[in-house]
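Below you'll find a set of structures to go through.
The same subunit A turns up in both complexes below, where it pairs with subunit B and then with subunit C.
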Partner chain A sequence: MRLNEDDLYRQSTQYKHWSFTASDLTRLRQKTNAHAAAQVKLHIAQDSAERAKLAPLDSGANTPNGTGTGTGSGTGSGTGANTPVPGGAGDKGGEVDCLTMDEEKMVVDKFCETAMKLGDFLKLQPDVTCTAIQFMRRFYLYNSPMTYDGTKMSKTAFFLALKLELGTRAGSASDFASRLPKTTRDDIVAPEYTIVQALRFNFEVRHPFRGLKGVHLELEDIIHANYASVTHDGRTPADLRADAFAALQVTDEAAAEGKLGNIYAHAKDILAMAAQLTDAYFLFTPAQILLAAHSLAAPALTAFYLATKIPSSSPARPRILSTIQSCADLLSSHRSFTKNPAPNKHGWADTDPPETKRAMKKLRGCKDPTTQDLVALNAGRKRDVVRDGELDEGKAKRRKLNREKAEKESDAFWGPELKKEG
Partner chain B sequence: MGMSPALSPRPNPPGSNAPANAAKAKPLVHLLNHKTVPSPSLTSAATTPGGSDEGLAEEMNDVVKNQFVFGSRLGEGTYATVYRGHYRDDPSKLVAIKKMKKNTEWQDGINLDSLREMKYLAELHHPHVINLIAVFTTKDENINLVLEHLPRGELQDLWQDKSIAYGGADVKAWSNMICQAVWWIHENFVLHRDIKSNNILIAADNSLKLADFGLARSFANPEADMTYNVITRFYRPPELFLGSSHYGGCVDVWSVGCVIAELACREFFFWSNTDLEHLVKICDVFGVPTEADWPGISKLRFWKEQLENSPPKRPVPMSWWRNRMPLIGDAGIDLVKGLLAMDPVKRLDAKQALEHHYWTAAPKPQKRENLPAKGGKAAEKAMGEQLKRVGPEADEEKMSKIARKLDFGAMR
Partner chain C sequence: MSRAAHAPSASTKRAGEDDGASHLSHSLHSLSIQHQSPSKPTRAAANSVPDICPVCKSSRYLNKYMRFLVNPECYHKMCESCVDRIFSHGPAPCPIAGCKKTLRKARFRTQTFEDLKVEREVDIRRRVAKAMNKEETDFETLRDYNDYLEEVEEITWNLILKIDVEQTERRLRRFEEAQKAELNPNTVRRSVDAGPDTSTLSENSHVILKKGGAQRKAQNVSSGNTPIPEDEAGFSFRGLKKRKAPEPEKMFDPTSGWSVDPIYYSAKDEYDHKFFAVKHEPRFYAFGYKSPEYYSHALRDAFGGLGVFLEDGRANEEMYFGTQAAAVAAGGGRDVDMNDVF
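On to the complex of A and B.
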């Protein structure tokens, strides 16, 4: 009846559906990218064709819906009017320049960084923010940022995470919308189905934070010589304390306690940033991630800690250590990583690497015109899937205005960074 | 077709679904149980733009959806309709499909109960927890939960049906299955928070299945507050009546004690009309707890107005228990009293419950195939009635009203 923690973890959807080898992950992203690129090219071409067909009809009127045919303006071509591409692509008569898989990844990382800052700005619990970020990362394994806008998706991902982590205390969608710059309740709720479907209705994200806290508490017990568990090598609590002091390079409990506190805070920052903004969750288990973060914050102490758990003769030892090491390599490769805790935690995120800037700029030219107005799309689905494409003029106009307003607003929120480059 | 690009991203263009995906459905039997999903074929999607104008996630959804066929309706409630259904490739394999209604009045998207149910059932696969086989959406954006088909109704109907006779061995077998389920969910750090005999369903092979995870949550961080307005009153432990907002598996364990006691005496073990009355009923059996037998009780939120001035009362004697539940014997009574310890710290946890000597005392638990059961259409309908309920939220609201009344003292 004793359950092994590994067995329990293997039951989780995180293990079953969201853990990958590096090559599986690349293959999946390639597939998503190729699929989305094909759709984007197709839809932009269709969009331009529609536009060309309509042009003569529109010539006299000043609204694109002047005629009754309307071309389903509620969802498709109307949005296209606000994206710079269709015209441009059509003029050139050439192929749309779609994001590559690597560019998509940069863009998604950028969205996740922004989500991290948003969580900070809203003073949300780290669990909520990190769950939202992981929802984003999972979502974009099966969807392309060319298809679904990261800014819009992140708001909904946050609200979903809030509901799941805080239950009835999450507050309403309107409340949440009011805390965000210029966002309506519809903006929050409309993309929800798209997200939950891509998440495959798996809502549990197993984070490494609680495990890290466990390690921290155990180490505290050790430095106070209160460690109750039996070690495999017969060391007494006093021996363990002496060894921990040596690993920490301290001589008394007070100093050890202070250092432990700093190490814990540093490791926690690594988990809150580098672990969220890399593929760590897809490639490693929570335990591997937290031990990797701890080893980055305190290599000697982590080696000591691991030695209390794994006998040096254990055949699994080299494999465990090398897995932790490769996870540590991944975490420390992220640009948020600093050897010592930085005073301005998110300072690194103020500037984007040039290749990210380029990818963000390129994205503006290859958005799928059919999936940009999520609120209208959702409303359309809710009413009826089969709509004859006719909308009364007032409605179409109002929608167009709403859409333009929404787009302007999102520019206002996310604008500064984009403006710099454009 | 002028309108097609505009409408394209809908999940399920009419006429494009069945034949193309039916072939793909075969290798993927239980989506939730497989690590790798045969990803929808990319080439066919990219080269047949008219037919498959969908993202990978939508295609994946279709693969799941096409494995199941809807059958007759079993029950309909405010939030969900339950259908009998079966696998497309094997009509003898039955399932229950719970179609969550999309409430246009619902301002906050997918409701919390549905999210919780999906979240926890997806993680908790156990022989005594209802199995969530798959989830898919249909074109109208309704979420459908494919659950295992449990045709024998609710446990509560069983003990209430006086035409069914059962004995100590039967109670022991049922009780053990419930304890296993609760042990498993607690090992997975999940609290159910609404265990009661009408949330326990009976499978065709007579095994019991814990259902309705609409109020479930993960164990909280020690510093986080949780609501004390949970668990149906008859099954709610005293610490929640007293306003404790920090708790663990102990609250579910109390509910399990109530269910086992209920099976043993074939009536609600604690019965009351109001929350206030309920705590009195509990004290009638176990005495009024004091700081001496429940250290810390006087620090609980509602202790002052509810218990401080109660006259002392002694617990009922063993003869009362023997008289009330002869079916389970002294060993069974000892287990029930352990599960119903007033002080949550002294209460057994689910693991200790499974180690109790009741299980090894005579009589042996009944073999599953010999357990008495209801059957037939009525019981199947009962499953539909049970699954369609998404009631706890409404209950919770009622409860919070009462709680606000209770909080009156604190507000002054």
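On to the complex of A and C.
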């Protein structure tokens, strides 16, 4: 009937639903990519067929657009209204050049970087931004960026994260929309259900930030020589302090405190950037991530700290250390990582690598036309829009009758509309 | 009316006995009722709806809606208006000649059975059954249970036939008290001070009027404070299982026995640190939030999952849940629309 920290972590949804082995993660992305590519090809083909059918009817009145493939002149009906112009090479042969899995990953990373900048722009707390980014990453595990546009999704992800982290202080969707340029309330609300559904209603994200504070609580304790936690080797607090000073390469307490503060800030930056923009959250637990970040910021101190925690005789020790090392490798492989804290934190994000640029360009040609206008889609779900036989006739009719009845009743209550003079 | 035990040997025995007893009781019973109310016209007993009230002599001919009421003290009938007239101002003696029972208005009621003898027997049986409510499971053997049933029947008939009424009543009451005390020990203290039971049917236990001071004195001497002989202590039955008091409820444990026992840390209540706002800002404590809570949370987060290796995979890896499962179930793998506002 006794639980340890690991048992508690195993109860979290992050462990149950959002933890993967590297191969699982790849397999899942492949599956999502293959499925999305098939859908995109199907929908683009359907879309152009529809245009081809409509074009002759319109041709008399409208511009003589040719009999051909319908290059998105804006005459399409309903959902096709803001269909992106399909890439020239793509729809000629009826074959669309879809993103590959790797390109998709690059695109998602780019979305997340943009989201990070958006968080800075909105002056949100770092935990809100990080939660939003994790929501995005989780969402794009099961959905493709070809299907759902990243910029639209990120706004809603931010709104969700805001509600999650701030609760009632988050404000309404319209408040949030007014803080963003060219955004209405509907833009925020429309994809909300889609995202929440893809998140499987798992809203909790276990971040490593609070844990990092916990580590520093103990490190400060060690420096002040009043550390009284479990020690497996008979070292006294004074011994520990001397060892910590040696690891920090300082001689007095004040200098040690200053150095600890710098280490904390550096580790936090690594967690706020590299950890968010890699797959660290999917592959490692928060404790491993934060210790990895800490070891990147201060290798000697982290080694000393871990040695006080895990005895060398412990069978789990090599495994834990190697896991932390591989997490550190992952974090340091991200281009945001610097050995020393950089003055301009987000300077690295101003330029994209050429592959990412290429993938973003490619994305423009292979977006799923049926899911671009999310606002209309959301409205359609709530009204009686019949899209490619999705809603059966009876249901549509029933909804229409119900709505008409409701309207009539409201009319009766308020009386008929007043006639306008003149 | 008697409860028969469901064992073949016992039931045959009891059936025979019941017949004999009821036969005997029938004749005795009719005698006793006649003895009790000699003034009553015999016609009234036969005809359940008398036309003339024995008290005020008003007849149904004059008052179509006349109702007759009886009081379980003496079972004398009288019309509703007589009851109103005589008993409205409190208890009063029965107006029927020769009957000195004190009656109260509240206890008048319309009779259920046509025959007043039956009415009285039902009342007595109800009362005895209320006190003697043991079941077969309360006894060690079936034999003991049958003995008990027999004794119950004997008590009932004693009361019906008015044999040893006073003693039986007293013992019944004591038995009842003992039962109550066993169920709830707190009631004993209260019942000690209570006056004589006015709900009894016995011949001698009159309701005491305030005026009758001398009568009250006599009553007290006879019933209440005299030392009780051994046999009058109440009924006791052989083979009755001792009642086991239910176990006291255990203290509620919200964690149902679970506790958190960390491996890597032991959180202190107080840390000497500078750079966390939580310690220095009073607004964090407004709703009872404590800094030790924060410290233990931070440390739990710092080491939670340190020994969990995700590269091993989880136990139930291929887990389908939510929309994915629904899409698979629906076939075709299409997204399932859950938004149906109407």
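Assume the second predicted complex is superposed on the first by the 349 of 422 C-alpha atoms of A that agree within 3 Å, B and C clash if a C-alpha of one lies under 4 Å from a C-alpha of the other, contacts with A are read in each partner's own complex, and residues count from 1 in each chain.
The criterion applied here is as follows: a contact is a pair of C-beta atoms (placed from the backbone, for glycine too) under 8 Å apart; a residue touches a chain by one contact, two chains touch by 3 or more.
Worth saying up front: this structure is predicted, and the values here are computed from it rather than measured.
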item	value
Subunit A as common anchor, with subunit B and subunit C clashing or fitting	clash
Touched partner set for A:Gln197, first subunit B, second subunit C, both or neither	both
Subunit B versus subunit C as contact partner of A:Leu212, first or second or both or neither	second
Subunit B versus subunit C as contact partner of A:Lys309, first or second or both or neither	second
Subunit B versus subunit C as contact partner of A:Leu8, first or second or both or neither	both
Which superposed partner A:Asn262 touches (first subunit B, second subunit C, both, neither)	neither
Which of subunit B and subunit C A:Ala36 touches, first, second, both or neither	first
First, second, both or neither for A:His17, with subunit B first and subunit C second	both
First, second, both or neither for A:Gln325, with subunit B first and subunit C second	neither
Overlapping segment of subunit C (options 4-12, 112-120 or 328-336) - the one that collides with subunit B in the superposed model	328-336
Shared contact residues on subunit A - subunit B and subunit C	1, 3, 8, 15-17, 35, 142, 193, 197-198, 200-201, 210, 381-382
Subunit C-touching residues of subunit A, taken from the complex the two chains share	1-6, 8-10, 15-17, 19-22, 24, 35, 142, 193, 197-198, 200-201, 206, 208, 210-218, 220-221, 224, 226, 228-230, 257, 261, 264, 282-288, 290-291, 309-310, 316, 319-320, 323, 381-382, 390, 398-399, 402-403
Contact set on subunit C toward subunit A in their complex	257-266, 268, 271-276, 295, 297-314, 317, 319, 321-324, 333, 337-339, 341-342
List of subunit B residues in touch with subunit A within their complex	2-14, 31-35, 37, 39, 42, 45-46, 49, 53, 55-58, 60-61, 102, 104, 107-110, 112, 115-116, 118-120, 122-125, 135, 137, 139-141, 143, 187-188, 217, 221, 227, 351, 354, 396
Residues of subunit A touching subunit B in the complex	1, 3, 8, 11-13, 15-17, 28, 31-32, 34-36, 38-39, 42-43, 46-47, 50, 53, 69, 71-77, 142-143, 147, 159-160, 163-164, 167-168, 170, 172-174, 185, 188-189, 192-194, 196-198, 200-204, 210, 369-371, 377-378, 380-382, 385-389
